[in-house]
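One structure is given below, encoded as structure tokens.
For clarity, chains are labelled A, B, C and D in written order, and residue numbers in each chain start from 1.
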Amino acid sequence: MRFCLDADQVALRDAVRDMLALECPPALVRAAWPPGDPAAVAALWRDLARMGLFGAAVPIHCGGLGLGETDLVPILTEVGYAAVPLPVAETMAVAAPLLAATGDPGGYLPGVLAGTTRVAIAGAGDLVPYGMLADLVLVLRDGRARIVEPLTTAVVSTVDGSRAAARLALPSAGTVTDDPELVDLCLDRADLATAAQLLGLGRRMLDLTVGYVGTRRQFGAPIGSFQAVQHRLADALLGLEFAMPAVLAAGWALAHRTGSRRQDVSIAVLLAGDAARTMAKTAIQCHGAIGYTVEYDLHLYAKRTWALAASCGTDSHLDRLAAALDLPKGGFP
Amino acid sequence: MIDLVDTAEEARFRTSARAWLRANVPSPPLPSGDTREGFARHVEWERRLFDARWSVVSWPERYGGRDASLWEWLVFEEEYYAGGAPQRVTQNGIFLLAPTLYEFGTPAQQDHLLPRIAAAEDLWCQGWSEPEAGSDLAAITSRAVRDDAAGGWRLSGQKTWTTRGAFCTHLFGLFRTDPTAGRHRGLTYFLVPLGAPGVTVRGFGRLDGDEGFAEVTFVDVLVPDEAVLGGVGNGWRVAMSTASSERGLSLRSPGRFLATADRLVALARSRAEALSPRLRDRVIRAWVGAQAYQMFTRHQVSAMLDGAQPGARASLNKLFWSELDIELHETALELLGAEAETDTAWSRGFLFSLAGPIYAGTNEIQRTIVAERVLGLPRAP
Amino acid sequence: MRFCLDADQVALRDAVRDMLALECPPALVRAAWPPGDPAAVAALWRDLARMGLFGAAVPIHCGGLGLGETDLVPILTEVGYAAVPLPVAETMAVAAPLLAATGDPGGYLPGVLAGTTRVAIAGAGDLVPYGMLADLVLVLRDGRARIVEPLTTAVVSTVDGSRAAARLALPSAGTVTDDPELVDLCLDRADLATAAQLLGLGRRMLDLTVGYVGTRRQFGAPIGSFQAVQHRLADALLGLEFAMPAVLAAGWALAHRTGSRRQDVSIAVLLAGDAARTMAKTAIQCHGAIGYTVEYDLHLYAKRTWALAASCGTDSHLDRLAAALDLPKGGFP
Amino acid sequence: MIDLVDTAEEARFRTSARAWLRANVPSPPLPSGDTREGFARHVEWERRLFDARWSVVSWPERYGGRDASLWEWLVFEEEYYAGGAPQRVTQNGIFLLAPTLYEFGTPAQQDHLLPRIAAAEDLWCQGWSEPEAGSDLAAITSRAVRDDAAGGWRLSGQKTWTTRGAFCTHLFGLFRTDPTAGRHRGLTYFLVPLGAPGVTVRGFGRLDGDEGFAEVTFVDVLVPDEAVLGGVGNGWRVAMSTASSERGLSLRSPGRFLATADRLVALARSRAEALSPRLRDRVIRAWVGAQAYQMFTRHQVSAMLDGAQPGARASLNKLFWSELDIELHETALELLGAEAETDTAWSRGFLFSLAGPIYAGTNEIQRTIVAERVLGLPRAP
């Protein structure tokens, strides 16, 4: 047994972290809010492509880095930490390896690897986060994976203005695979990517809050010295610390196609979702009024957290675990 | 005596309020009052309310009210929110400043200001927080210096995190009149027109989209003696009276949460495909919370009519409604699933609800007040 | 509208409170723990009878005080506050008015009023709290109310040793009524009595804890001056304060047989159950090790709280409210 | 490197442990170890474990162990609790004192004491708390005075809330050797036989039925120099090492909670009539918590094998396992419904779980440690 990142994984994570610290500061996230600065956002996508990130999960013989889901977790955590306002997780962790695994019938993979093609994933109904920025949309429904070009695009106003969400009309053709194992793998990778980003977002909000409460003074002392603030932040940290290994373990389970992988993903999503949501609420409360202004950066990360957490599908994960534990499925009589 | 149904008179009052609201509540609903245009539409609505004498039902007739009892006021609030009527953009004036004016104002101040508040002619915002004085309100440094020659006071300093400050016409708040006195002493409560020379209002966005969230700067602003409420140096006591209103019943009547809870239940019914047993239970418990708040306030109103002062117990209200409001909205967003991230009344309501545990004294401050002043625990060292 | 106790209600509550403070101190609760002092416990029952309490909810023409459920709430709260180790709630609030309403076919009422007959209520299965002390058992099942004398009695060891619980074999005859409205009323009164006692127990634990943390010093200050303790107790108080009016309102709804009475009872049970459970946990934690000893009194009240809360039937109350709100009934598909 | 399956060697170890446990775990289970008679039966079991070299698998062979790796120790703990084996009444000696002895003991102390701990010959209890020193451990007043003539130390004072103190043979704890030094200074860690003249042990019941919960009084108790562990005046540092063991991994391995979670799931399956969707979700989430604790400890063990010291992070373990343990048991009691009030393994386990957030430093203390030493927040004023 062994459970820590190896030197390569650490080096890649740090490279991504350093790059995003430089290229995706809060100002870049703001640039993705309308009206914003689309050119700056597009430049970030090219920077990520230059690092080879969109091929991270693509086999080497297909032009990628040949990494597995275990390796993706720390990268996606950094993507969350920076709240990258682009469909990086969708393209890198789900679409690119799917294209590679299916022989890329549409010939999209080179563009994806080169950073000229962005892929979003369709959410519930016709809502597609990053739909305004996506060249392609991956639809995972009814046991099929489809990759399609949108027919029509209508912008949607969202709480997190940097999500570039759209309501899209999509063609019904474009099936890439109906292999249930591969479709499930796409869903699991998407869930894993969400969990990892939520961890990173949680860390970002924690760092912002720890920094603020250490300097903000009220009643003659830094507010971070009051038990009410200290204990609430300790509890928030607890949630993040206990979610992190579960997310990493889920990545490993996917990478090794273990029998328990789907339940491990569900565990990861439940823990990371709860931890990030708790952290968001804690961060806003510990900041007080300043955290409630849009001039301060916290809301950028809190709103992304709510958007990702809302897509988690808590009940479906509970049902999946119920099945694994031989407990009854949810629903009503 | 316990009697939890309307008296004949209350029932008549309810019927009459319901009828008027049914005929007059704007449909489709007004746009958000958090933009300048939306705010103007809300002010129009407030004036319509006033013209029909529904803006301040519990006030004396001479100020535009109906001399309604506290029970009738609760009834009106229930009907108002159940009828889908707009949030009250006049709330700072009506629910916070006015109770303080009734308690501390001179007859001249009352006669001048109360009708203008009722009629939405003056639109008031709060001036409590300063950049270095949030939870620690006693740390404020904005000051007022007596100018005998001009026959008034000269204000300077900065107030911030002022809800709808960019759209209002007046501000009430604390200024330091005696810089040598200790924290809670030497403060005076002032009433300031935002149009006065030397006042600058800078709006900056709020997380929930309120564009009127503002920072207000005072540079040598001259106000007359009549701008002092409750006496020079008496500001802390006067402000605590406002704070008690803000935390307690008057700002957040149960009607508002009962209506939200009912809308939540309706949402749950309408989203059968998203409604898991877990969410059903969450909906029920949130609805139960709204009922609990109603029972609690009824009990509190009875006690007040028997002469009790809510005092520190207003902090119990504030803790409860602020957490209830978040729970109601979070539950709705869970029902909406992935659609929760779109900009809807529920998502905007959720963002607004997050301010509840922060403004009017953070919930941490409220818990300390409850512990020390309701439970009588020893004060923090 | 009006919502406060009147002078008579306050006077009766205060009389019960004063009497129990004197006659049912912690030492008397301890006397009910095995091996204990059965004579002392029996004396308390006689004292309660002398106050006329067992006839509280019996009409005046049947020899009672003619009070309604509204009046019972403050009395039962005091019974909870003292953790009276006897089936007072069962006998006073449920059995006695039932006997009166059904014309007392078994001729039990005089003994109940005189304090010579104790009535327990059968719980789940064959478990009967206070079964060891009961002359009669009220069984509320299958749409019938039966009052029976137990056939056999086997003592049961319980967490709260003062509950005198037994497993009883009961005869199947003895139906007092099968009027559904009257049977429901018995169930509602039992639930109301549980909620009111939980409120009182919560208050008792609060008082003990406030007293302790005000004097116990650590780190050079009373522990009640630390925010961690202050804020936790503030939250526990909040639960109790918001449950109390709901319980009183449920009593009023029962007394006036309003259309919403059953859902008002469910609201009361849910709020009081949560508040008392939270208070128990808070009290133990704020006390630290001393609260964990049996020499200290706290456990007497905490264990009674757990016993009563366990009998609350949370899910059935949620289902009842679901029906009232036109939401689906619980269960599995 | 991540590899979350047993190596071949670990798998062999697991098989071997499982086989021995399957053949030897007492059935029916032993009575509670909280009575004198039950305790004696548990000590017999501990000696059986020792005879088969399963009592201290990670210790060197010369002390009765198997030189097992930390991973193998985790494996053993999983198998031990999954097999339904009894709680370890030797835990204070094996999991708390022994790690401290390995770190601070002299070779003579190690050679003398460790085999006796492994073999359950010496049965250790803790002597931290005093009536006026609970959370505030540095406030202890029990003292040890040097007696040069007798060549040792004379102990006096009182320790209290000592789990199973009435049944144990030895106590480790802090005594003040320099009354002039400040709170954390001037303390020394002593190892004391409870049979020594001048020691009185008074048992008093504990809420969960532990009859061995005790108060230990020392009146002029003479102990030799060898009774000092880690040097005179160095007691705080030595004690913090023990505390870190108590809070962290060594006292509460995941195996215990994984086994409880599995029993909870089995209970849920067996009580279909009581299992509502709400309780199903609660069961699942509690089970998820146990899995999270396992992943966390695996990650922690990997870090420790790479040289990291858990240090203040042990407080994270303690917060998590203590709350998890309550949640597992509360959920079980809800499944049991009205039967929950009867005296069962679950109800006893629930009462025991409530001590988790209290002993080994209350969870309030742990949260402060996490805030100040893990998050680096400013210290409380």
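Convention: contacts are C-beta pairs under 8 Å (C-beta built on N, C-alpha and C of every residue); 3 or more make two chains touch, one makes a residue touch a chain.
Nothing here was measured: the structure is a model prediction, and the numbers come from that model.
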_A-B compared against B-C, more contacting pairs_ = B-C
*asked:* From the centre of chain D, which other chain's Cα mean sits the farthest off?
replied: B
_Nearest whole angstrom, what separates the Cα centre of chain A from the Cα centre of chain C?_
51
*Between chain B and chain C, centroid-to-centroid distance (C-alpha), Å*: 39
*chain D residues counted as touching two or more neighbouring chains*: 276-278, 280-281, 364, 367
*So which stretches of chain C touch two or more other chains?*
226-229, 231, 318, 328, 330-332
_For the chain B and chain A complex, residues of the former touching the latter_ = 129, 132-136, 139, 160-161, 204-208, 213, 276-280, 326, 333-334, 336-343, 347, 351, 354-355, 357-359, 362-364, 367
*Could you pull out which chain A residues touch chain D in their complex?*
1-6, 70, 206, 210, 213-214, 220-222, 224-227, 229-231, 233-235, 237-238, 241-246, 248-249, 252-253, 267, 270-271, 318, 321-322, 325-328, 330
*Would you tell me which residues of chain C are touching chain A in their complex?*
226-228, 231, 328-333
*asked:* Per the contact definition, I'd like the list of chain D residues that touch chain B in the complex.
replied: 276-278, 281
*Give every residue of chain C touching chain D within the complex, in rising order.*
123-125, 127, 129, 156-160, 163, 165, 217-219, 223, 226, 228-229, 281, 284-285, 288-295, 299, 302-303, 306-307, 310-311, 313-315, 318, 330-332
